[in-house]
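Chains: A, B, C and D, in written order; residue numbering restarts at 1 for each.
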């Protein structure tokens, strides 16, 4: 028990207990986003904004040209983001990601992919509510904290907008809201969970691509699902963020993907930065000692020093 | 006592005395967090409704607080939608409370270059006058000798978000007026 | 479906997870395609060829569900000898009059059946819409050049009347039986033809054909879902007919998991048809009467309704309606005031109305939650109509383009109109939202669902119920005391709805009570079978009778889904009689036993002597399967216990439609009015009976035009709603799809130099619009007879107002209509596309004019070669 | 989106990698320029100056100690101001002391910076007013003890992020910052202290130069692809300039006889310190902006561990 406490990386059976909650705390809750049934309707994005009163995009609306994605990425004002990836799939070849880049018409490659079938991947991204959450770890004010549901939430009355969580997140989730100054991200609808309700996005999701529930149950369900898809010949199905052995100790919000994570804009094998923090502190301490010693050395007796000079 | 409360409320103190030494969970909870609750829990009433966009007919629950709509979401009881909504349905609250909704009657006189605000009852009276006048002016008792009892001077085109009861009154009134060019999005 | 009905699509996804095969047929690769097992991209406007080939596949391989077909369809009926098919007449059926572009349909009748639709008796009016001219009425009585209006509707939901029994050949071998005629008619609809017409490879077609036939029959059913991609064509009704033939042959109608499911696009568009704000219908699909010299109620009923099937009770429905409207003032003596109904004399549809606005005949216009200035085909025509009115009332939530056209419409920019010169007086009345009023929507599955008012509307906003109730009240007050007979229908109208609250909101429940109807004792009726034609019952919408049975608003029923069966009869109320699957008698075999245990739904319980099952049986519950009608039986009594299609006069599904259609008893592939290719099937290029309107602002492209070489189609995106009035104005939706764009294939992009995210100008003879370019593999060029056909995809949600702005795709469309229901062809037309933004101001007109000149379309003269009113 | 073709074997790592329309995976750090890199410089300079002042005090170099205290106080106050200014909600700066989180370098740093800047300011104030000299001396020693931590914790601040260039450099960055702090403090002393006291700062500068150059060299050599931003583009130019300046500072500090030399040396050191911090800051931003620095190293890590 004690050896498991206050760990910064690796598997952690109960991050909630680790965050000081009594044993009576509710089970860890999370999302399983099954992208194999996502229809890219973006209901999750809107339901999230309606519930959490997240501001709409400010300034000029612009077409991104990234298939039907005009949001781009998760941000302080987009706590859900649906990615759209257009591919041609030819048997026995890895999928070819199709153009729509800002670098001109992909006419050249098109003939290459002509005989393939079009595949359109869609995936609703969200904060991962990591077992080892770097944003939470580095937050200097305690604004980011772990809730009794094991989720990671920003406390808006505390955040002072120091911005440390922003570069700490290995998934590029959390961000500072322009004009507000504070950091925002998915709360897994902490307030709704408190009322025994499911998060707005999961409730809205028409095809149940976004599933909400106790993480343990979701993991079992996901394992079954991926097995089932493999049996159906969908070999490319894989789980992302489900493994408690991974670099962040497993995600509270994990995914079933149909291609490599980076194709969806996800890091392939993220590691919580604080895993290396003890080592960092040691290096910093050594270097600090180096400073002290260097200063001290610099004050060694004048004469002696000058004598030693070549 | 005030000091003690302050110290007790200081997360560092809770870090030192509680189970959350690193200040990553229970010790870091704020007053705002302790007060947090879902606004649907504070609603004065919940009203059953139906999504106004497409014809799937998803159930909606409309949460009202202080005579304002504070949330609209899917009705999990519905056998049609099971509580789910599409982006449009999920944006219903913005549809009914969002920017751009006009709440005053606007009038543009013939050849006018801008809107003028007029009272609703005056507008109703003016519209009734125009209906009566146009009907009188364009009335046909017969058409090529065959009785028709109608006017082709007045037409109507309705959207398909009209309630059945509204459509019913429209058809009834227009028919009694003798107006036949009564159409709906359903034709389009 | 995923694109436009995402929440409905959950059931498709669930079916897929349970092993169903999902096939998506669409020119584009959409969100639906993304989850489908098979995506079939085809050329827009060629579905009849595709479906026809499926029918041919079924017939030539004996894949039909024979017992079902023999017992429940008109396959055994024998046709008249003088019927000639498109195979004989190169794309025309017998009876076509090339001068009026109109079919005389007598030869389509069954042999032995008396065609009650004899010329002059049927309810219709001379040709050319309103322009019959002197003598037209005489011609009517002389037979000859006749033309129906909105014809399918004019027969009500049940189609036209037939009397007498057709000769039948249950062996289906008679050369003139429907089955054999069908076989011959579709014989040329082969996989090779599909490749040639639709651009669908043979292998892909075969895969679809195999999947559908393998999944139909006794143990399995296949459902077809469609939307306006099937209806917005000059052959829209025939699209649905083709699907109906296929499904009837496969035994997929009236059975669970089967059907042809219309996915309607608006919350109560079904309701707007049932309780029609449509010119050619009265409530419950009773046709509006047409003008005749002497026609009373009985003649009207006799002309329209057959005597057999449930439409045999039409007089009771009409009398109950007239009683609902005119109460005590309507009685047997005065024919229930049947003569107070205004009369039609042709086409009075929304597009004809616009022409009437342009000609000055139509002077006042109500737009009630509708935005034709960007939402209707040929939007410019619409705006020119609006700009030529005396007065216009617009009721909406926000300032839509139809309310502001005089201020900032595109014609102001081009200089075609000047604000000061537009005479139209415009009233904008803010409307109440669905959360601010009581009322019912009828959804796509005929389910009435009540929505309750949650809050009061803001400011001057009012419900449309309020508006019409009070408008009627004020008009009646102004006319009170009038002795003018034309005002009697208004003054005698039952219009005393109770109001309540500070806004004097009329009671929607009271209106629903009138819709439901009541007996002489004032008690609510519980079923339309209680309706009488003697004036003792009153009912506003006969098909809705029972929604308020026992005074209980069943549309507001909301028993949670977990607390009831999968059919969920206690959630809302479905017309008719709360039946969830229509014609469900067909889910059992002729003896009343379920076709299979897997697909059991309703069945005959011999012990109880009743039909029973999961749903309300769609037949008389106590009519045994072995019932045979006695000679001379009327209405439902004339249908046998084995006849499931109880609204049809013969109780059978019509593979062949002997009457009721303006453009043929069988579907045939005709090209869209504007098509990049010639019709490879027949010499007849387009629907011979289609309705075109010749107007300088409504020019058509010749077929195969090199000036307008590309096909285009319009459609919706999940993030927006129709013409955008309810979505472009919302920040959360606008940011998701912020701009008008066109979708083109990489090949077309290369051919025309279009750059991803650059601008494109799309030009038709109507106007030109500009759109950002999305180059995507989801749009595929099709190979058709050695030629590459490019298609341009255009979502039609935009307009100049709102948060997310852009040109309206509907500007590009011409107005050309299906002859049966007068819906415009907005799913297939031709255009040119060039890189760059469109010209501004007067230069835009010059740009469009230059295109027209190159295409040989003269500026001010009428018809382009071969494109007269009516047909090509 | 990028590349295509074979994913298995390729000469150029860049061509292998796939991404979502080339978009960055990580968020661009929102820390403001010049606030945060400026603070890194000020904090380091203040820390080393305070320590130098304390040692100078102990070794009887009162004037050097005085100059050091001024620099420590001034730089730390300016540093605090920069940090508060950087906050999205500056009025909530006190929330920094709400918790004490060893997992957060910024929390730890706040608990270092707060006493340090208080002590440094107190000691400078005492020095200026002549009041409470004992307490002033004590405060000076206190800040001197905290000084080294001030120099190097900021390296952890940067390294404890997902930003590839910062995180991967965590074994070296403290030494870069330590060296740069030494040269910074030396530079300030060369500018402010009397010539008689230039000996210790000159030696501090030389030691700092050596430390910084060695550590930077190792960063550039060891990190491979992730080290790229340190040698390319604007951050690369800034760091090259920094190295040139620090070498120039060291050289100039050894020139004797010329009156301007120590001033030039001090200026060069200070400029070098700024360039180092701005360069390293910018290198991190650049590495966060390009998904290649996220995907490729993680993919290579995966390759070693086998696919999931």
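Everything below uses one rule, namely that a residue touches a chain if its C-beta (ideal position, glycine included) is under 8 Å from a C-beta of that chain, and two chains touch if they have at least 3 such contacts.
The structure presented is a predicted model; accordingly, all values stated were derived computationally and were not measured.
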Practice problem: Could you compare the number of C-beta pairs in contact for A-D with that for A-C and name the larger? | Solution: A-D
Quiz item: Hey, which chain ends up farthest from chain D, C-alpha centres compared?
Solution: C
Exercise. Please report how many Å separate the Cα centroid of chain B from that of chain C, as a whole number.
Key: 27
Self-check item: Gap in Å, rounded to a whole number, between the CA centres of chain C and chain A
Solution: 47
Quiz item: Approximately how many whole Å separate the CA-defined centres of chain B and chain D?
Solution: 56
Practice problem: Among the residues of chain D, pick out those that touch two or more other chains and give their numbers. | Solution: 98-99, 101, 103
Practice problem: Provide the list of chain C residues touching at least two other chains, using ranges where the numbers run on. | Solution: 6-7, 10, 718-719, 731-733, 736, 803
Quiz item: Going by the touch rule set out above, which residues of chain B reach two or more other chains?
Solution: 11, 22-24, 27-28, 72, 76, 84-89, 91, 94
Practice problem: Please list, in label order, each pair of chains that touches. | Solution: A-B, A-C, A-D, B-C, B-D
Quiz item: Within the complex, which stretch of chain C touches chain A?
Solution: 2, 6-7, 9-10, 13, 17, 29, 31-35, 39, 717-719, 731-739, 741, 745-747, 749-750, 754-757, 772, 774-778, 780, 803-804
Quiz item: Of all residues in chain B, which touch chain A in the complex?
Solution: 11, 18-33, 36-41, 71-74, 76, 83-91, 93-94
Self-check item: Residues on chain A engaged by chain C in the complex (per definition of touch)
Solution: 37, 39-43, 45-46, 49-50, 56-57, 61-63, 65, 67-68, 70-71, 86, 88, 98-102, 104-107, 110, 113, 118-122, 206-208
Quiz item: chain D touches which residues of chain B in the complex?
Solution: 10-12, 15, 22-24, 27-28
Quiz item: Mind pulling up the chain A residues that touch chain B in the complex?
Solution: 6, 16, 18-22, 41-43, 45-47, 50-51, 136-137, 142-148, 153, 155-158, 189-192, 194-195, 197, 200, 203-206
